[in-house]
Amino acid sequence: MTEHLPVLAVFLPLLGGVLQFLLGSRGLPVWPLAVAALTVGCVLLLVGAVGSNGSIEHAIGGWDPPLGIRLRADGLAAVMLLLTAVVGAAVSVYALGPHGKASPQATHFWALWLLLWGSLNALFLSADLFNIYVTLELVTLSAIPLVLLAGPGKTVAAALRYLQFALFGSLLYLLGVAITYGLAGSLDLALVGPALADGGLAAGLAAGCLIGGVLVKAAIVPCHVWLPPAHGNAPAAVSAVLSALVVKAAVYLLLRFWTEPLAGLSGTLVAQLLGALGAAAIFYGSIQAFRQERLKLVVAYSTVAQLGYMLLFFPLAVSQAWDGAVYHGLAHGVAKASLFLATGNVIAYVGHDRLRELRGLDRPLALSVFAFGLASVSIMGLPPSGGFVAKWLLLSAAVETGQWWWAVVLIIGGLLAAAYIIRVLRYAFLQAPGPAVDVQGPVPSAVMAWPATLLGLLAILMGFTAAPTLALLGGLPGATS
Amino acid sequence: MSALYEAMPLWVLMTSLVTAVLVFIAGEPWQRLRVVFNVTGAVLKLVLVGIMLRGVHHGHEFAVHLPLLPDLAIVLRADALTMLFATLSAVLWLVTTIYALAYLEHAPNRARFFGFFSLCVTATMGIATAGNLFTFFIFYEMLTLATWPLVVHRGVSRSMTAGRAYLQYTLAGGAVFLLGVVLIYALSGSGDFVAGGHLRHLADDHSGMLILIFVLLVAGLGVKAALVPLHGWLPTAMVAPAPVSALLHAVAVVKAGAFGIVRVVYDVYGVDLVQSLGLGDMLAVAASITIIYGSVRAIQQTDLKRRLAFSTVSQVSYITLGIAVGSPLATIGGLVHLVHQGLMKITLFFCAGGYAETHGIHAIRELDGIGRRMPWTTAMFTLGAFGMIGVPPLAGFITKWHLGLGAVSAGQYWVILVLLASTVLNAVYFLPLLHRVWFRASRQEDNGVGEAPPGLLGPILFTGVASVAAGLFAAFAWSPLGWVELIVEREY
Amino acid sequence: MSSIPDPFGLAAAALLAVGFYGFVTHRHPLRRLLAINIFGNGVFMTLILVARWMPGGPDPIPHAMVLTGIVIAVSATAFGLALVRRSMTQEDGDRREPDDD
């Protein structure tokens, strides 16, 4: 049973999504929810198995590589699957609010969302470069139509730009795969390392294409331009998934490559360069977030900034940095999903998200504002929260390796995050004469308010659950200690 | 039973954390239920702190470890120093809760207020019971976040500005502090609070680094302790409601900073190391400058709460000064001021709140003749002010006496001059005020309103009398002074 | 690998260069989509080239990858074209230029 769990985690949601297309709006929302619940159960079993027995591998249909496809669930994959399951569960419940009633739009949402979930699981479980290319494309092609669900006219330009960058990024990546195959004669992540490490021109080109392609997908400055409009205009549930999981998947690939096929690059100028890109993302994203006039764009630019922290792993490259970068990814995923869902509730209630016109929302939207506040603590990297533990680990790594400039980046990044978060939160407390908002929609139902709140609470709780999570992750691959 | 008993610090934290959660859940409509939660939580905490006090007095040390990372744990611990701060907080929390209930009787958003109020006390208790620097930092930042909604509670643009200044200072301070904490952990592998410090073995090879870390830590803590020039947020934070100001100045925020400095000097570095690195003098000078500067600025203020705020800037640095001088007697003076200043300053702020709430008085010149209409409040105000000046046998005198003796025994005679100058300046900004309230004719029409309502007056009387008692009965073993002597006995 | 410039290699490099240049310089969505396709063809060409390099004659795996890649490229391009069309009809309605960066 255990060795089939990876397959189930991938194909349950994929088939569920395809079937939803065929069913149309029949079976909504029971069918997709059942699939989601099964997927969560499957992932939890899988994670439990990885936690107790270590990595699990499975060759689909009994075909061995290179012809067959090999799925591999190791610690890194397990924590990412877990993050996806947690965020996915919350988003699925939340989506009952806006997408719960049978309609063509709802059909599209659930079908695409399940496809996206399956593709993400497949991406995390893939163990060869080409399979990763296919899953990356699957993720992109199911994510972009989700953006379009925000309604006609609002998001076409954003989706188009997203598509262009995503396609270009994956082709760049594929070029890297092609050269790698030429050099190594294999696509297996575990086998191509030596060929890429030989330092020749072709190897450098391959590594550059692999990294460059993934950087575009991860929206790292200066390839971030597609992210804010897409994440800032999509429906709330979709924004949450995109910011918490989809871009995270790309950064995950960077971490994965760095510790396996590209391990030879560790400690080189490339590592410092990636760190510098991360720092640039932190500063640029934070400053842009501070300048936005719309709540959702603040949150979207915050993603641009927060992804930068994960890149600080590359120059630091010790096991604390590894723990810190991955934990940051998890904490950010949970917190950011909470922020987007809470923002969605604000929009559902007020009808817009123009900051200057949001006043005194803490009473009607108490739960959502509360969720926003809790998640913000993690985003700002203040204790007690998952974000803080991650920042602590990264800071310790910076000090331990004597690279104090990254410590400064981390500290300033935290302050900048506080600046843009507080700028938003103060509107909740600001009292204005007259009614709080002009037009008030219905107060979001519990189904929409609680997922955000629970994710916010989880973001805080993650300040205390680092030890088991990092035990599951299992330390920096290849580290001696 | 014994495991439960050993985990007392955790339960003390939980009383106010659970109260905060319950208050948030009860929300705005359930007014009476909220009051019940609040008062029960405060009383329960007081009882638990009393039990802990007894245990610590008999030489027991409570400790709870919550492992967080392989080599890092959240440690809650109760030693004698913890209990000094924890008892002060627990007592004043109950009093302030009662005061705030009366003060905000008809104000909006009370659920939010009392929720964050309880969180704020949770953080303060966490700071008191923190057993290592990491834990201390967690609660130190939590305090910042929990206090901000209280500062901006009124929601007007003035409080928003104050809130922004508050966060700018405290978050920046927190960031600097964090850097110091990380460096300590990287350098020594541990940030545990150990009596006498645990860094002495590093003094030979890493003295430069130790000095840098000390500066970072004290700068981070100095923001909350309002060391000049890091004090800018404190006077502007005055726009907060009176109970918040009282709490900020007497127990929570400034005391957290001062308490942190005490911990760093005694339990991380150790007095000897601090003195041998020459850091004691540096700290003493910074504290002295703050004492004088705060007093001078207080004289210039025309708003009552602002004058009291600058007075806080000045008075809190007595604590730092006592620790920086480093002799046992000076330490006693500094530590006991943690309690004395708390009692006196909370009385003064309660009175200021009473004046504002009952007669709408904010500016000092409006205070003329208020003594005749609010005799009890004004009497307590007078006692608090005399205490601050250091009139014997009141609490402030006990502090200054020990500080002076301590300075002499450490051979630092210049400290006496600072104390004298400060006393004169205290008199300059308090005595004319007292003259006004008692001897000038009232400017206001008599509107038939007299004394503050009982909900306000009760706490005022309690803290006023307590501050006098702390001075009068200083010789008893259970007085703040008696307890501090116990602490110092155990430290040295 | 031979030292003589391989016409396949040259063609692949040229396609990649033209595609990249087009992607960077053009803002019109249709042109960008075309540029991406040209770049994609360059990538597929490289894969075919790689298949030829492999010891032991043409390797089937890169060919399989090209086929998969083409399928994905075709569907993505179709999706992109649909989007372009939708944005065109929409721009006729109101000429607002969306710009969020």
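Lettered A, B and C in written order, each chain numbered from 1.
The rule is short, and it goes like this: a residue touches a chain if its C-beta (ideal position, glycine included) is under 8 Å from a C-beta of that chain, and two chains touch if they have at least 3 such contacts.
As the structure is a prediction and not an experimental result, all values here were calculated from the model.
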| query | Hey, how would you classify the chain contact layout here, line, ring, star, complete or other? | reply | line
| message | Closest chain to the overall C-alpha centroid, by per-chain C-alpha centroid: which is it? | response | A
| task | Express in whole angstrom the distance between the two chain centres, defined as the mean CA positions of chain B and chain C. | result | 66
| Distance from the CA centroid of chain A to that of chain C, rounded to the nearest Å? | 26
| query | Could you state the distance in Å from the CA-based centre of chain A to that of chain B? | reply | 43
| Of all the residues in chain B, which ones touch at least 2 other chains? | none
| note | Listed in rising order, the residues of chain A that touch chain B in the complex are 360, 362-363, 366, 370, 377, 382-384, 388-389, 392-393, 395-396, 399-400, 407, 411-412, 414-415, 418, 422, 426, 429-431, 463-464, 466-467, 470
| said: Help me check something: in the complex, which residues belonging to chain C touch chain A? | reply: 16, 23, 29, 32-33, 36, 39-40, 42-43, 46-47, 49-50, 53-55, 61-62, 65, 68-69, 72-73, 75-76, 79-80, 83-84, 86-87, 90, 93, 98, 100-101
| task | Quick one: which bits of chain B touch chain A in the complex? Just the residue numbers, please. | result | 24, 27-28, 66-70, 72, 74, 109, 112, 134, 137-138, 141-142, 144-145, 148-149, 152-157, 160, 163-164, 167, 171-172, 174-176, 178-179, 182-183, 185-186
| said: Looking at the complex, which residues from chain A come into contact with chain C? | reply: 66, 130, 133-134, 137, 140-141, 144-145, 152-153, 156-160, 163-164, 167-168, 171, 174-175, 177-179, 181-182, 185, 187, 225, 228-229, 232, 297
